[in-house]
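Labels A, B, C and D are assigned to the chains in the order they are written; within every chain, residues are numbered from 1.
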């Protein structure tokens, strides 16, 4: 069993990561970090957690607890400042290690605290770019969806004019209190935010090799997101490229022509759905990807990355089975 | 008072049209058509309707009731077959008179039953193309939003590669029973439909003068929609053009730079909101329009068109006042 | 025109009160109080508010602005401490003047700051107990619904064992940020709160003359509430009593036997719906009342009370018309 | 492996039962019955189902397919007419075998087609009345919640005046199309239905030994329900009785004093939560139970019953693990 620590356990991504770790046959929780709940039992986070788990300790204590595997579920800037324990596999679910240092001031508003260490981290999206180092930056939820949809097509579309329009449930904004997460604002509303300036934009561009126009929207859904990507094909290889990328995947389900992805079908799990369409009026290629922002877009992918980094079965601990209504 | 008949009163758009007519100082209900409720009192539709209204009669009877103003809130093909009463102002809320005849087989699946009469109808969106005939085809909900956003910009953007991504509440699909309108499907779901082949596509193209790539999505909202339009500007006149179009409007509210439209703020009313943004990564112009599919996207606009056709105050009967939370 | 001041304009009930005042033919806004927005224009609260309104001033300034009519939309304890301007009609939407002084420590957690002044305030629910003083304590949202349902029946039911089970939208908890108002908590959830100890309990008991068992629940609805009341009838006069109470009301709609109240039908307006049923298995009387917590349960009723106190048409300014889907 | 047939696979409870059977280490799907999809592959129901499953056959064919375990996920009257295969364990999720024959005309509207066979069926709620025959009538969703809450307290409360107020997600009404399941009706609405006359009422009464007043409400939630039960205690043994009933349960979680059940915490799984409160104003005992109507209220409990009937581990195949946000 690999001793595992989670830092920032009490946020949405932390709790979801714990959920997968508990289901994982080769991982064992050795430390649950939370600066707000330090000293309290695990059940203080959720009554479903019981006495078999260690009590919360501070995030710094959790970092130093000797775990072989560490998940960083911290705010971006806190994660960026973490010094990885020697020899440990570290998977960062935040944006703290996804960009090159010079992009942080413009897109995150702060100087990266450890710019010289960034090259030791790999940006890993298992289906396209599996991890090749023990320090793994796991992609953002929107970036994951956009890259699953567009990554295999990067050489088959006109790189100018690619649009990514995203619709996300409210959990994407985290458990923190904000007017934009108040149910009185979210219910019966659709709103765009960070219009043309969201932090996942440079992440997508770096991975694809070209910039896209990205606009996220919040819809009254608890969890899950769907991105609709628009691009002009330059050849007729799109379906073939997607089939090659995902034909054998247990995680990404490429839908047959004419079947539309549904957020509801991937909610609460770590799978993703992708479908390809052609617009009748303009011939534009439309690629839609649905996934759960807390699953394949966060905790599920983090555990998937950990599995690959540690040589375990890729989907161990993931929520993939079942056909819930 | 102008005697008014509503055909298809019991659908969503019919009931909403009745709501505006009841609030209108110059309109008087003389006939409520409904083939399913014919013979029953108005309260059979909604307990809020009382004995001052005439009982339901069939749609054909309502058409022949001598009304000076007739609203067609019928299924597309039924509306297309209606022979307008001589001398009456007729506003069609369906798609029965919006396209040229040759487009109906491909986009609606049927031959237009009165192709020779179509040229007598005007396609009227009050802010851009006010009615110039007594037979008025009122635009579809998505088309209204897309055209309000893009209409004033048609000469300021690259006509290739315009994308319109729409998010709509479920009432857009009407009151009829369908698996896709079942709450068990709609709640906690986002799904695209009629991908690249929706009927409002040719309507938008005809009005704009060029085709766009249009994809609608259903989100768990009862009423209201928001469209996000993507286009490349060919000059820097976009904001100026929008200000010119809507600066004096009581119906369309052009938001200041940096203020995002919210579906919630136009829900249940006949106003629309528009905002213009520029994407930081690619320079793409982003124009967002929010409106209520049953208000400005249907009944509100139909009454607004009737007001213009009859020479009344443009906003009489409309739901515009108030600042509900 | 009666000069009107609103204190606490920026909360939900303040904004809704402003909505009714703007629609009122005899009221004129002279002061908009908000300690957080003081100095800013009205549009800072909502882009739909325009330059015809005065800018925000502090609540104390608004209190001293010389208004003849003052609405207190403040937190309970702040409202309780307000010294009414001499000669003004004051309607308090908070719980600051609803109970006798000795109940405040136990149910609100603080001593009433002006206990000797409480007798100058009347507790006014227009249909049952219209205001008889210029200082009006307007009932709470749950209390309004429970009292509309049970008030006329107080002498026709067994006073032991009356149960009031309430289901409310999230706006009942106000605009403030709280974990229990986070959309990630509210969506796809139903939860009871303040179980058996809610502050509206003593208010209901005082008005009815006997205590009831009251439990409120939050459901994923933006606004509106529905209470289901259970009582054993001691005679067969229940329907007759309700008909007597509401037969002539423009605000409370008593439904025919077999028609169920729907929250959706009163959402966004100031009406209420009531229905009476008998349980087949036990004979228990079931009285259901639906209303909008921000309408009849707050702003609508406050303006209705003001109308009665000032001798205006009872429903002036209220949102009653219309049959929105 | 025990060969298993599901009749009525394509409804909500059928699909959920299949979900548990697929996760069960000792069950093997031998027949999937569906009269509407007969002849089609399993993926016709849901793209997540793959080629390892047999294609759909008719329900009658599935009944005769030689399965050792049969789940009836059929409409009530169809299930009532089924002749159990000799030697098979049959679990009926419908109401077809829950009541004594004479109650069917009054509560279901039809004569039971096989009244003489009803005594061969046991009504089984595992925590209180485990199955004692191979023909198992699994309780209704509301009945399960009401009985989990009140069953252990039947001798500790005043049997007159017990009230059960339920709030349910829309999936309780099944996948069939109905105006009351249309998202345009469900969203932003709360409505009571079958007021005082719901079919689960006699089921609850028969199991408890006395009638209760039961009113169900639909709220805008996809799945899950919460019942709030009101009763007057006749002694102070209530908590002790609940602890005795559920202290060792892996399925029913009795919450500590002051912790409120949340529908969200049991959604998508087969657990239930129960909490006990005392009303401050009247001393009434309040017992709240939350469960997923499709999980513990249907498929989960059916599989739990099958496990007990077949001598398997009680929770095999159930969805109990995990702490999803």
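Here, a residue touches a chain if its C-beta (ideal position, glycine included) is under 8 Å from a C-beta of that chain, and two chains touch if they have at least 3 such contacts.
Nothing here was measured: the structure is a model prediction, and the numbers come from that model.
With every chain reduced to the mean of its CA atoms, the largest distance from chain D is reached by B.
Simply put, of A-B and A-C, more C-beta pairs touch at A-B. Per-chain CA centroids place chain A at a distance of 44 Å from chain C. Annotation: 36 Å between the Cα-based centres of chain A and chain D. If you average the Cα atoms of chain A and of chain B, the two centres end up 38 Å apart.
Among all residues of chain C, those that touch two or more other chains are 12, 169, 171, 184-185, 187-188, 220-223, 325. Within the complex formed with chain D, the residues of chain C that make contact are 160-161, 163, 165, 167, 169, 184-185, 188-193, 195-197, 201-202, 205, 211-215, 217, 219-226, 228, 230, 232, 260-264, 267, 277-282, 284, 286, 288, 290, 325.
Across the interface of their complex, chain A is touched by residues 12, 15-16, 18-19, 22-23, 46-49, 171, 187-188, 223, 253, 255, 259, 265, 268, 273, 294, 319, 321-325 of chain D.
By the touch criterion stated above, chain D contacts chain B in their complex at residues 12, 169-171, 175, 177-179, 181-188, 220-223.
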